[in-house]
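What follows is a set of notes on a single structure, which appears directly below.
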Amino acid sequence: MERVRTGIPGFDELLGGGFLPQSANLIEGAPGTGKSTLGMQFIHHGIAACGEPGLIHTFEALPEQYYRDALSYGWDFRRMEREGKLRVVMTSPEVSKADLEKVGGRIERMIREIGAQRILVDSLSHFERLAGNAVELRSLAYGFVNSLKREGMTVVLTRESSTLLGEDDNNNDMLAFLVDSYTLLRYVEIDSAVQKALLVLKMRGSNHDKGIRQFEITGRGIEVHAPFEGRDGILSGSPRRMIDSFRQAFVRH
Amino acid sequence: MERVRTGIPGFDELLGGGFLPQSANLIEGAPGTGKSTLGMQFIHHGIAACGEPGLIHTFEALPEQYYRDALSYGWDFRRMEREGKLRVVMTSPEVSKADLEKVGGRIERMIREIGAQRILVDSLSHFERLAGNAVELRSLAYGFVNSLKREGMTVVLTRESSTLLGEDDNNNDMLAFLVDSYTLLRYVEIDSAVQKALLVLKMRGSNHDKGIRQFEITGRGIEVHAPFEGRDGILSGSPRRMIDSFRQAFVRH
Amino acid sequence: MERVRTGIPGFDELLGGGFLPQSANLIEGAPGTGKSTLGMQFIHHGIAACGEPGLIHTFEALPEQYYRDALSYGWDFRRMEREGKLRVVMTSPEVSKADLEKVGGRIERMIREIGAQRILVDSLSHFERLAGNAVELRSLAYGFVNSLKREGMTVVLTRESSTLLGEDDNNNDMLAFLVDSYTLLRYVEIDSAVQKALLVLKMRGSNHDKGIRQFEITGRGIEVHAPFEGRDGILSGSPRRMIDSFRQAFVRH
Amino acid sequence: MERVRTGIPGFDELLGGGFLPQSANLIEGAPGTGKSTLGMQFIHHGIAACGEPGLIHTFEALPEQYYRDALSYGWDFRRMEREGKLRVVMTSPEVSKADLEKVGGRIERMIREIGAQRILVDSLSHFERLAGNAVELRSLAYGFVNSLKREGMTVVLTRESSTLLGEDDNNNDMLAFLVDSYTLLRYVEIDSAVQKALLVLKMRGSNHDKGIRQFEITGRGIEVHAPFEGRDGILSGSPRRMIDSFRQAFVRH
Amino acid sequence: MERVRTGIPGFDELLGGGFLPQSANLIEGAPGTGKSTLGMQFIHHGIAACGEPGLIHTFEALPEQYYRDALSYGWDFRRMEREGKLRVVMTSPEVSKADLEKVGGRIERMIREIGAQRILVDSLSHFERLAGNAVELRSLAYGFVNSLKREGMTVVLTRESSTLLGEDDNNNDMLAFLVDSYTLLRYVEIDSAVQKALLVLKMRGSNHDKGIRQFEITGRGIEVHAPFEGRDGILSGSPRRMIDSFRQAFVRH
Amino acid sequence: MERVRTGIPGFDELLGGGFLPQSANLIEGAPGTGKSTLGMQFIHHGIAACGEPGLIHTFEALPEQYYRDALSYGWDFRRMEREGKLRVVMTSPEVSKADLEKVGGRIERMIREIGAQRILVDSLSHFERLAGNAVELRSLAYGFVNSLKREGMTVVLTRESSTLLGEDDNNNDMLAFLVDSYTLLRYVEIDSAVQKALLVLKMRGSNHDKGIRQFEITGRGIEVHAPFEGRDGILSGSPRRMIDSFRQAFVRH
């Protein structure tokens, strides 16, 4: 099947080529792990390398923030916007929801105006204030995501995790069940420093790579590297390397 | 006793031949572990290999999603539906419940129309929005499941777990007490990658295999492999292999 | 003191001969651990080996379920019921409670009709829906249990645990304080498989065996085996065997 | 200072001779750890060995239960009651509280009638239903305990712990702050069996023994033995003995 | 800077000489760790060694309790009270609060009457019943403490911890942020016994000793000893000594 | 890009030169970790070394507290205030919020009066009492921070953590998502003493140093030292050094 490439070195390979067309893709991580950067890189690659215009839909950060952040990776979002290939929209979750529900709303209009094929929703966590509980939130998010997919979009959704290391116990909203792929960005403490790990946990209808990869945010955006080696419990954020050192000490020595 | 085979390589063996006829079988797992795939494979095998028509009952994903996903495993659900051997129904939990309670409801009619013997309910978690608390949910689910069993169906019910690794502390709904078998799908971090484990925890009236097996989702669906070896704490999702390496280092060396 | 034998190989020995006469005995376990089987075996042994008629009191599963399950262990409950030695009653907790409170209620009448000396209440957890909180539940259960004891019955009460491995943090209802014995059924992960452990934690007025025993559900019911060996932390469900392997590696080698 | 001996072998030594006169002494433990037995032994020793009449104040178990349990340790409570040296009273927490607040209430009258110097309150946990929250419970318990101390009584109070192994996270009622001594009874898993540990955590104005001791309930009541050896983490209920085995393996071998 | 000495051997050294003048100093600990003893010793030392009269302000225990407890350490509080150097006041938190808010209240009058320079507030935890939530409690405590500091007092505040081992998860009242020093008293299980540890976690404007010290309550009050050695995780209450034994076993042997 | 130097030895290097101009920078830590000291040092360095006037905005501690604390590090805040280079303001969160929302409010006026370029908000945690829930708090804090950035300020915000060791489970307010940098101050138990660790977890648009550094509060303020060595799990507050000692014992020995 044809894939929607993100252009992120190493990430497309993990995904088996890229996202599925017209799919919803959830990226979850703690503050500073690079969720927005990953999303912007996906949008930038669409415009710059695939001729696919894109939309960035945000609920808190101003468009200027995205222009500035993108520029630090060498992505000229202002120019792209001038050229009619990008729209950065900031609105409230209430408005976006209402907007997508009616025919010819503002987002629909923008999508059609620039012929957008990709969209970054940054972040889905803001929908929480629309919903009274987890069941309602799921239903809301489901409707929103589906209306975007119906427009033919490939969607990247970010979700905020309030836990710095390991699994977020507070995120029991079940959003991961309604998306087509689910990627975790995690902090991992190794050798007295904090490194970053990426894992594609779920990928619908596809036998993807399940390795836990190290990644970095460089001056050109995200780069996904080799798997971690000789460690247990990476997903806990605080891995153990006993075995490795045991081996070194006893077996190979 | 005669068994209802799932056709999943390795899984029927664990179950002691298959599910019990007219039984309710719970499959629980985190997003991406393969609950729906397991259920579709059960339905497909019934139609393709056993001559037993089937129903897929969903509350969120559209029928198209199932057609597409099934096709990626080589299962032509559209054709089966045309041939009157399959029905994929999407409705709200409210409607299904009401429907099964009255004589000659829509689901009952469909079951009889195609002579269905198998049903996948994907997922039981959606009933949560009908119930005010765990006690009520249990009673609701009990009524729903029993009315299906009374129709002569063998039922596969999926349940969503919001925890990625280890046991889900939020699932205290006691649903596992009212089913005839209970299977866990779990993520396990091994060697810097995420693998999948399957365990038949409960099987009514039967001395089944209690091994924790590795499984994969391949291009032909789920395949259950050998047990994990030389690891403690697999069900925690983050197993230890100290002993193993100790043995290697000290005893056999 | 004379004891009420359960007929379960190994269990009566742990109990110091059996339950105390006219005692309340709590059996707690996760789904599939064998609580109902243990209770049915206690009832069956009373009728078949001791000439003591019995009652099975259930709130959810239909009598047919018990007949079928019992038969898989070779216990013909239908025949026993026909011979007036057994009654299987399904009712709501509300009705049972009200019933026992008045003179000559249905349960009292049944007990006297067949001269029942043993009763299985499967499960006490259903009383939760009668009670607004833990204090009320305790008071309700206390009244119910005492009225059964006053009728001269030896009572087996099952309680459901929603936690699969280790201690159930949700069970703070204090029911264990008002019974005469308290037995835990637990899952234990050993060697990549799930085994079952049984422990008599409490036994009023008696110096019972406090070993944590492995047990199996065979074609003839429950059989309690030898204690686990060379493992720490069995009650956590995920034991460690480091010491053992250390010993093997260093000391005996 | 003169001490009020409990007569429990090993326990008086831990306490530095016994409880302080006119003190409140809290005994906390999970079901089956022996709280009531310890309390009854304290009452029995007072009557049989010290000439100090006693009162047993209970809120749930019937007096008959205490007579029977005591008898299994060879303590003839019925005879003591006939001889005017013991009273076993069952009442509601509401009544006891009200009773002690007015002059010449029933408990006060009983205390004076038999000249009681010791009282067992079994258990303080029943006061929870009188109090809306932890602050109120503390105030209630404080008033109740002080009115008993003002009558010149040495008080043993039991408290139920709902956690089987390790610390009870639910007990944040702060009752331990208002008593003069605080003793923990704990289950400890060692060598595939459950043993019992006793620890005097707090003892007002006294340099008591802080060892964690093994104890047993024998045919003559509680006997406190030697401390556990070569284990870390006993209070967790699941101790580790790594060091010990390391030492054995490496150093002494 | 001049310091207010506590007279507790080893503790003044940790503090860098003593508390800061006119400072608020929080002492936190589980029942029986010695919070009140530490506070009384601070008051006694002020009167007996520094000529600084003191006030003990309590909300639950009667003054008699303090006289008796102090006497067990050889501190004659009754005499000091007679000599006009000490006041022991028991009142409700409501009254104290109101009292300090108006000019010439009872506490202010007492302070001036005896020229008090030190005060023990035992314990701040009782203010919890005045406050609806953590934010309000903080504001209340802040006002109370500041009005005492404005009177020129050096304040010792005790706070109760409901957790026996390790950190108290329930204490999220943020009181530690508004004091000038913060000292933890902790239980630590070592060699099958419970020892006591003291740590000065926070000390405003000062480079104090951050060692975790063992301490004892002797017949003369608290004595702070050397740091614990060769153990990790002391603050958890259940330390590990693996490294130490590893070292002994491998390196030095 | 030009950076706003904090003047804290070692910290500017971690940040890649300093904070970003007109950025919001969150400093989180438990009581006594040095949040306020870090903030004051940032303000002092701006005035003394960069000619950038500054504002200290507090909600609880009186200005006098800051003068005194600063003086203990040799920073003469009173003089700076007299010279019109510093303002220390204490107000309620309500007032500050309202103040910044209108044109020409008090804070705006002060900023312009002294030409302030840096501000310390100590602490953001006080905004919690303005907000009914986490979503509202985020929105409030977002508005407040943005209005300060719009005035051209570089902002340091402190946040209180109620957990002494490891991650604070109570802080799920998501504030870390709306700032440009996020620095953690943590306690770490090493060798029976409590040390301090600093980590820059997030730094917008920048490849900063992710090492976990030891730091001290000296007589001249904060000094950031070398990373911790040979330890796993520093962020848990209770690190393990097994590997290290294993290496020493086995490999190098």
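Think of it as A, B, C, D, E and F in the order they're written, each chain with its own count starting at 1.
Simple rule for what comes next: a contact is a pair of C-beta atoms (placed from the backbone, for glycine too) under 8 Å apart; a residue touches a chain by one contact, two chains touch by 3 or more.
What you see is a predicted model, and the numbers here were worked out from it, not measured in a lab.
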TODO: Could you run down the chains that neighbour chain A and chain E together?
DONE: F
Open item on the list: How big is the rotation relating chain E to chain F when the fit is done on Cα atoms? Please round to the nearest 5 degrees.
Closed with: 60
TODO: Same or different, please, for the chain A to chain B contact, judged on whether over half of the interface numbers appear on both copies.
DONE: different
Task: Whole-Å separation of chain centres (CA-atom averages), chain D against chain E - done: 29
Task: Distance between chain centroids, defined by C-alpha means - chain C, chain E (Å) - done: 50
TODO: Find every residue in chain F that makes contact with two or more other chains and list them.
DONE: 169, 242, 246, 250
Open item on the list: By the document's touch definition, which label belongs to this structure's chain graph: line, ring, star, complete, or other?
Closed with: ring
Task: Sequence of chains encountered when the ring is traversed from chain D in the direction of chain E - done: D, E, F, A, B, C
Task: In the complex with chain F, residue positions of chain A that touch it - done: 30-32, 60-61, 68-69, 72, 123, 125, 128-129, 160, 162-165, 169-170, 187, 189, 192-195, 216-219, 237-242, 245-246, 248-250, 253
Open item on the list: Considering only the defined contacts, which chain B positions touch chain C in the complex?
Closed with: 135, 142, 167, 169, 171-174, 176-179, 182, 184, 199, 201-207, 210-212, 227-229, 231-236, 242-243, 246-247, 250-251
